[in-house]
Amino acid sequence: MAIFTNKRKEETELGFGTKNYNNRVRFINLDGRINVKRTGLAGLANIDIYHWLISTSLLNLIIVILLGYTAVNTLFAVVYYAIGAEFFGGVAYGSMLDNFLALFFFSAQTLTTVGYGHIHPIGNAASSAAAIESLLGLMGFALATGVIYGRFSRPKAHLLYSNNAIIAPYMDITALMFRVANYKQYELIETEAQIVLSINNPETKRRDFLQLPLERHKINFLTLSWTIVHPIDDKSPIYGLSVSDLLERDAEMIILIKGINDTQSQMVFSRYSYKAEEMLENVKFTPLKQDADKLGRVSINVNEIHTYHAVEPVKIP
Amino acid sequence: MAIFTNKRKEETELGFGTKNYNNRVRFINLDGRINVKRTGLAGLANIDIYHWLISTSLLNLIIVILLGYTAVNTLFAVVYYAIGAEFFGGVAYGSMLDNFLALFFFSAQTLTTVGYGHIHPIGNAASSAAAIESLLGLMGFALATGVIYGRFSRPKAHLLYSNNAIIAPYMDITALMFRVANYKQYELIETEAQIVLSINNPETKRRDFLQLPLERHKINFLTLSWTIVHPIDDKSPIYGLSVSDLLERDAEMIILIKGINDTQSQMVFSRYSYKAEEMLENVKFTPLKQDADKLGRVSINVNEIHTYHAVEPVKIP
Amino acid sequence: MAIFTNKRKEETELGFGTKNYNNRVRFINLDGRINVKRTGLAGLANIDIYHWLISTSLLNLIIVILLGYTAVNTLFAVVYYAIGAEFFGGVAYGSMLDNFLALFFFSAQTLTTVGYGHIHPIGNAASSAAAIESLLGLMGFALATGVIYGRFSRPKAHLLYSNNAIIAPYMDITALMFRVANYKQYELIETEAQIVLSINNPETKRRDFLQLPLERHKINFLTLSWTIVHPIDDKSPIYGLSVSDLLERDAEMIILIKGINDTQSQMVFSRYSYKAEEMLENVKFTPLKQDADKLGRVSINVNEIHTYHAVEPVKIP
Amino acid sequence: MAIFTNKRKEETELGFGTKNYNNRVRFINLDGRINVKRTGLAGLANIDIYHWLISTSLLNLIIVILLGYTAVNTLFAVVYYAIGAEFFGGVAYGSMLDNFLALFFFSAQTLTTVGYGHIHPIGNAASSAAAIESLLGLMGFALATGVIYGRFSRPKAHLLYSNNAIIAPYMDITALMFRVANYKQYELIETEAQIVLSINNPETKRRDFLQLPLERHKINFLTLSWTIVHPIDDKSPIYGLSVSDLLERDAEMIILIKGINDTQSQMVFSRYSYKAEEMLENVKFTPLKQDADKLGRVSINVNEIHTYHAVEPVKIP
């Protein structure tokens, strides 16, 4: 087993500390989120509501909106009922439930400002409550507009990562590599990649974070696909290690990519990680089929970035 | 024909790969979009709806809005009709079609929250459906607000490129050049240009991407016009090539310009390309007429950037 | 007491001037605002309304909205009353106050565009005033949408600073240090810190601003906590000073941190300061408990960053 | 008169060209706009509507909104009138004008979605037109929301420049200087300045743009005021020139300042210029009074940045 030769100089501070955990850890989830839970402070202080609203699933957002809508309408229906159904023109049903429901729908008509008017407030108390509800409706709607715009306009990198990182022959040496593609019809420009290897160090009993130098760390456009290559030469911190060595040391390849989404002219970030379990030896990536049509347009199928084929075993230097 | 002398060092990674296509290719369209089609993944995953909505033509957007408006109104008219026209006060026509149309217009009045009230829901089913539609209307409108703001506020570079790139005498050497102007009444500042030549290499049968060094690659303001100049000296990768050589090798000059739109203080990007077909020899750009009025204001006509006049044939070194 | 050895070279221009005030000063408040009051110019020119609206407390914003809503409704109620209650269908009460209140509520129904219609304008004057009010309502609501979105989407760094900065043994020397943690569930990336010491110079009678070099000034992620360390070696401007020396000279450690909030992909800034009163000697920060669960997730309690324990007195070199 | 000694090296490309105009020119207006008029292209292509809407005066914006509101209402009133007043329930006046006005107000109630309902459409033609108008109203309102938010949230630098630039003794040499202050209650951070001198060159008959090196070109905060100083030493391009020399050569000092508005975390730009007419000799800036109150807060009056007092004539080297 090789000795780490350039540990100190290449060490990178990812902010994960150097503790050697008893459990196996995964610092970066496959969806790019950092796998850390922060507690402390009082109450909801650890949650950023706006962040949650713009990054949660669409289903969650719809549930929150529907629950909020129902809750506010129920609340105002209660207020209106307390004021008295007789102060609402057009409410002429009989039972308590009927009255309550009529006031509930009046509340919805007020909150959304649709205000048909077949039910309408009479007198100061009812009119005041309705005036407040319609203002609240507008403010809530302003909030929803902001959230919807925030979700939509949030700068994102839509990167597809190959399912596996592979150790394969590359030029006349061996390299650790994976592929990425932008799968949306917009451009990602001035794209840069950085790889850090998180690995237990059996000597120091600490977890090291080692920068893996790349053959090329920046490209102008991410148009077709990009094979990101760490040459495993004698300057590489994993020189001489096999995939089973990496597995034993709970290795994780942490990938940081940044680029500019040119629809929005904003910097976007993408994170991904490969645990040793997701690394393969003795295979090679199959080149993507790419061709030009008569209009001079080049096309690719991004799904092909996962494809690899077996090769002669790599001779570990 | 000259040999490429400094290929390796100047090679640039645009992300287009190095394949030598059978067809002629055009990597950058004249509207700046990259001429690549990405397929793969399932369903609509390759399309970014927000991107499409903010970058499609205004006509397309209007069609989408009108179709969506009609579709939602039709859908709710069907729901209301299924509930029964008798649960809608004010719907007192006769025929099925008349009833349906009345409910369709009631739907429109609910979706837009205009809610005149001469038609109004009676009973819980009708009121509930209307309450949901008015909420949906507000959310849809929030979405439209976001899209309209996104379109409007999207940082753009409004650059006009001269119709042709020309090879012309420049100082005491020859240079490849083209002109750009900002044609809008706002400023583009800290503007930088980069040119990459995509060209087939007859020796390696691959497509090379060669950086063309510029005489000046950055200007503080893009106020009048900017002539971007690549000097064809013996360090240039196209030293000794004529336009017909460039044509034969399916050359494309890929232009990347970035600057800051100072109304929005945001970085903007512009791309353009000249195929060999759009390059001219033995001509020279005619200087733009520029003059100062009594208020000290300088004016130019940006259309003049296309203008050139014939000169003595360039002696290819 | 030591002499400042490298004052000139390390001096930093924070823009606070070099005046030696008679009072003790605090340049940065604990909430990060710079403690400067700017007067001059006429009227409200020193206040940026948008800035105020998006950075004031939520309570202040609610008060402003309610006051504005009431004021506009009162104003239009006066206008409608001047036009005459008889020009409003549905206003059929008796007393002046009753009429005024009915018109006030009609105003609210118009401003929010709820428009029930049981009260409605009759004739040109009343209809014109209502048409203007409903337009004003929409514009005011557009404004509110902008403010609410601006508040929500404003890029923020949610940093928790340890209550105290401490002077403690560090490796084989002594260092001045404090801790920060990001307490929200989103990531802060490419985070950089800078520390400037503001201190009275007894020789020149001026206030110096001295850069304090950091052991590490940048980390990739701020995931757990970050201990920011200024080594007090013989190149440090506070080499040989005790906390009581710093107190006497009215020292303030001004901290500037910048990073990228990756929900929004925007640069965020955080400022903080420790006055000499908030610095401690002879203590050491207690390491945060951090552990990995079975899913490989690491958790910390951010409140622990304040915790320290006593150590042997630091021998001032 | 001195010779320009370092012209070539320091020359800066502002994009104004090098033409020597017959009239005196002013490249930068006092409000920071670049004094260039671009014509050409067809129709409105030179105007960026969004740019205009977010940067024009508030009065202009209000006029545009009121005119647009009136125009759309008039247009739909005409459409409704053409359909026939009898298709609108509640329109029961007599004269053509009365009917038209009633339909005009109905249009306003529809466009703003207030929809009282005392006037309401009857039949398909009237209902369809109203459905379209209410959709148009929502879209127009979405547009207005975007414009209002765009105006409000537009990153701005609120810099106050001293009325005059002065040539004054500075340390043991002479310097050209002016002062700036941020007059709003928010912070401008990482502020950088650059000065370019535009001046006619009597030898080449061209206009030169010369970078004037600054004693300090960057400060961390712009908290109090900042005196920006170009030392007129023998490396300065204006070494040996008096204000009357600068006047004769139609000199203009073009100032570019950029910084980060930290409420919005966005880069902002400020431009200003001093013509030779606005430069003074034999005066010195009076230091701003600044003091700390008991809370440790420093206060200044930004109006004082204009103040200067006479000094002994500068001996031109």
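In this document, chain identifiers A, B, C and D correspond to the written order of the chains, with residue numbering beginning at 1 in each.
As a working rule, contacts are C-beta pairs under 8 Å (C-beta built on N, C-alpha and C of every residue); 3 or more make two chains touch, one makes a residue touch a chain.
All figures in this text were calculated on a predicted structure; none of them were measured in a lab.
**Student:** In terms of residue numbering, is the interface formed by chain A and chain C classified as same (over half shared) or different (under half shared)?
**Tutor:** different
**Student:** Return the chain whose centre of C-alpha atoms lies at maximal distance from the corresponding centre of chain B.
**Tutor:** C
**Student:** Taking contacts as defined above, which has more of them, B-D or B-C?
**Tutor:** If we tally the contacting C-beta pairs, B-D comes out ahead.
**Student:** Centroid of chain B to centroid of chain C, CA atoms only: how many Å?
**Tutor:** Averaging C-alpha atoms per chain gives centres 38 Å apart.
**Student:** Distance-wise, how many Å sit between the C-alpha centres of chain B and chain D, to the nearest whole number?
**Tutor:** The separation of the two C-alpha centroids amounts to 27 Å.
**Student:** Please list all residues of chain C that touch 2 or more other chains.
**Tutor:** 109, 113-117, 141, 145, 149
**Student:** Can you check the complex and tell me which residues of chain D touch chain A?
**Tutor:** Residues 113, 115-117, 145 of chain D touch chain A in their complex.
**Student:** Quick one: in the complex, what on chain B touches chain A?
**Tutor:** 12-17, 19, 21-27, 34-41, 45-48, 50-52, 54-55, 89, 109-110, 113-117, 120-121, 124, 127-128, 130-131, 134-135, 137-139, 141-143, 145-147, 149-150, 154-155, 196, 256, 266-269
**Student:** Using the touch definition up top, name the residues of chain D that touch chain C in the complex.
**Tutor:** By the definition above, chain D touches chain C via 65-66, 69, 73, 101-102, 105, 108-109, 112-118, 141, 144-145, 148-149, 152-153, 158, 160, 181-187, 189, 191, 216, 218-224, 226, 260, 262-265, 290-304.
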